[in-house]
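This report refers to the structure that appears directly beneath it.
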Amino acid sequence: MKTTPDNSGDVRLSGISKTYGSFTAVHPLDLTVPEGSFFALLGASGCGKTTTLRMIAGLEEPTTGTVRLGDQDVTHLPPYKRPVNTVFQSYALFPHLDIFENVAFGLRRRGIKSVKKQVEEMLELVQLGEQARKKPHQLSGGQQQRVAVARALINHPRVLLLDEPLGALDLKLRRQMQLELKRIQTEVGITFVHVTHDQEEAMTMADTVAVMNGGRVEQLGAPADLYENPRTTFVANFLGTSNLIEAEVGTRSGDDIVLKAGDGKLVLPGARCTAPTTAGGKVLVGIRPEKISLTHADDAGEIPAGRNRLTGKIADASFIGVSTQYVIDSPVCAGLSVYVQNVERDGRLVPGADVVLHWSPAHTFALDAAQAIDAGTEEEVAA
Amino acid sequence: MPFLNWLKRRLVVIAGLLTLAYLLLPNIIVTVFSFNKPKGRFNYEWQRFSADAWKDPCGVADMCGSLSLSLQIAVWATVGATVLGTMISFALVRYRFRARGAVNSLIFLPMAMPEVVMAASLLTLFLNMGAQLGFWTILIAHIMFCLSFVVTAVKARVMSMDPRLEEAARDLYAGPVQTFLRVTLPIAAPGIAAGALLSFALSFDDFIITNFNAGSTVTFPMFVWGSAQRGTPVQINVIGTAMFLLAVLFVLFAMVLGNRRNKQKA
Amino acid sequence: MSTLTEAPPPLGPAAPEEKPPRRRGRFTPYWLLLPGMLWLIVFFALPMVYQASTSVQQGSLEQGYKVTWHFATYWDALNAYWPQFLRSVCYAAAATVLCLLLGYPLAYLIAFRAGRWRNLIMILVIAPFFTSFLIRTLAWKTILADNGPVVHALNTLHVLDLTGWLGWTAGDRVLATPLAVVCGLTYNFLPFMILPLYTSLERIDGRLHEAAGDLYARPWTTFRKVTFPLSMPGVVSGTLLTFIPAAGDYVNAELLGSTDTRMIGNVIQTQFLRVLDYPTAAALSFILMAAILAMVTLYIRRSGTEDLV
């Protein structure tokens, strides 16, 4: 179903920015979306992700910079002259047209006379063949969403833009539609650029995720890479949860760096530190909650040597089935999160118990301490 | 006291229905008296049943002529006010521009002005310009006072319209003209229709402004006014009843049509 | 790195996702506005200027009029016609209050209690519009006729004695009295009260009534504390839409009243179309306009609803 014979179908944004009066929605930004990939722009509301998408669609004109599709400069083309289609937030289905006419809209505007076969095929693809003559308001949210996808895809765009396409659906349907969209993308092989504020959605669906914050791209990479190797506190906190502990840089031993946190010392691989490591400088040590093991203080002797360890007291424990989530106050850092799989539960791990937290140094990462430690957490985003 | 309780719970319904009766009573009288055979020149007292007026609705000199004149003026005033008003509404909702406040006040003021004031001042203008009073001066006046009502009706509809719909159209290869014709206009249509209907009713029924600016031209309301002095023919009631029935039938028909369409699609 | 952690500025321009679309073409709005605005300026605003100028002119029909800044016309007009002014305000106020009292239950009925009859009742409220209001007003002559059942009933119940004592009616008649004029005004402008009331009542979420009931409010308290305050926009625009045209009306006073019930509209009409004393007529109409604008502005300020249009 690919419409471009050559392989130069990449979307290239070079130096594009957008300002409204004195407010900068998007800072100058370079981004390349490879052809055929599923690309996600992830960020909280107001971070500039939708503006970036609208500039690709042609609905906003960039203040500076260029938008290229393959080798064609489309920066100043109006949206109706771009080989790009959008699935809008809350779908924007035409309420006065039935499903068939909604899907046929783009074809008819391009002067294509016999649309029946194509529309029917497209409705089959999204499993809505039966609903062709209904009006949008007669369909459920999930069905409307599929109409929006069909209406855009039937035009064989070079790039399909999705603006929070699943935002209006409930959780269960959202999971189902994530898989559905992924299936459609694999089937048609068109480049998808997907805007979302839901980090799970971005990680489930996309090959590449760009995390945006304050009008800039904070980090770009494959979902697993972003999760394991965040380079800023924003990414560390926005994608999942991170425990960030302030520490002082000590000595280097081989490839490893030894850090001082409170009285204890922590080790991490030098390659996993993005911060400057002059001795005596500050860094933020990061560790994901599920990487930490908990051992009751009485059994501290059984912990294998060579692991990073911290002592603490359980402040709170919530049982959520698959795992138990603990909040632990440690002398070096209060409110650490630890997720423990419920394989063999230790009955002594209740609030008030003294515990030792320990993990493999390889799972540790370190970030520049000159950033706000709570960037990207829910509290910070809400404020 | 079960009866008092029953009354208490239905007090609103009873009061509302009484108001409705108050609203409809004159229409019932108009209808009943269209079958009257009055003794003198005035049709205010019931004498005896007769369908004469229904058999010969245009049997009164000049009445049907004034009716057709009123219809013509109403149609043209509706067209004029709807086109101009719709343009203003789109400008107000979809664009930012200077002097927005001034535009809004100029639209609000005609609605906040007693008709007699507008009528008198417009006549002053026409007299000063030496304009010939008649069809054209009536039409000008009607477009003027209908305009604000169209703007109000259309604006409400366009404001509630999702701007993403137009973006979606442009995204789907519709140029500006196509977007307007295929998406904006059909979705704004109910608002425009409401404004047009209101214009028609206001223009057709207007007496005060017309009375000042008509010169010797006689519209249907002016004919009725004149007949209140000279003698009211039964045919006036025939026309009134027919208009009422036509309006109710028209709306009922539109509703049944809408319902059936919805059911078919469901 | 400090910019990374800056929270996006709150609202205002900070939410580009919510912005209305910007259109290309800087002059498009002006072209759209031009014809309609020109119409209103030439045929609404300009006439007001002409009228203002006429009101300070002196002269006669035969010799023509000249601007002499003769402001005494205003004084003379007020002196001569203040009873009609006062009467207009009183009649219009009475009609407005009656419209509110009669219209509210019906609007409430349509909004909350009508169920499947809602559309039918709505049609019945609007449909009379399509019969000329002059014909319908003339029908009141029949309803209130001296020997008709209404007057007979009121007489038997001695209501006419009471209203007569109050000065609302005279003798055994209702026609040609203030009561008849106010009754006609109320009837004519009632739909203008009901429609805005209905619009604002219909917007009220039915669950608010349940919530109020759940929080120990009796039906009447629910109405006073929840329903009525939420319907205020409708009350304000309804009363304005009733009061303004009622204050300038002269049809009801002419058809249902007598020389003792003449309103200011009647005077303006007579001066303009029969006596042809243009300066006095212009001055009267100017005073009426100023008085109504002042009252409306004051009223809107006090009720705090500015979004009437």
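For reference, chains read A, B and C in written order, and residue numbers begin at 1 within each chain.
Here is the rule we go by: a contact is a pair of C-beta atoms (placed from the backbone, for glycine too) under 8 Å apart; a residue touches a chain by one contact, two chains touch by 3 or more.
In this text the structure is predicted, and so the values were computed from the model without any measurement.
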**Report entry** Selected pair, greater C-beta contact count between A-B and B-C
**Finding:** B-C
Query raised in the report: Relative to chain C, which chain has the most distant C-alpha mean position?
Result: A
Requested in this report: Averaged over CA atoms, how far is the centre of chain A from the centre of chain B? Could you give it in whole Å?
Outcome: 56
Query raised in the report: How many angstrom lie between the CA centroids of chain B and chain C, rounded to a whole number?
Result: 16
**Report entry** Where chain B touches two or more other chains, by residue
**Finding:** 167
Query - Contacts with two or more other chains, residues of chain A listed in rising order - result: 59
Query raised in the report: So which stretches of chain C touch two or more other chains?
Result: 21
Report task. Could you pull out which chain B residues touch chain C in their complex? Result -> 12-13, 15-20, 22-27, 29-30, 33, 44-45, 84-85, 87-88, 90-91, 94-97, 103-104, 106-118, 120-125, 127-128, 140-141, 143-144, 147, 151-152, 155, 163, 166-167, 201, 204-205, 207-208, 211-212, 220-221, 224-225, 228, 232, 236-237, 239-241, 243-244, 246-248, 251-252, 255
Query raised in the report: Considering the complex alone, what residue numbers of chain A touch chain B?
Result: 57-59, 78-81, 84-86, 88-90, 92-96, 98, 105-106, 109-110, 133-135, 138, 151-152, 155
Report summary line: Note: in the complex, chain C contacts chain B through residues 20-21, 23, 28-30, 32-33, 35-37, 39-41, 43-48, 50-51, 54, 102-103, 105-110, 113, 119, 121, 123-143, 145, 187, 190-191, 194, 240, 244-245, 247-251, 255, 265, 268-269, 272-273, 278, 281-282, 285-286, 288-289, 292-293, 296, 308-309
**Report entry** Residue numbers on chain B that touch chain A, as the complex places them
**Finding:** 162, 164-165, 167-175, 178-179, 182-183, 186-187, 189, 265-266
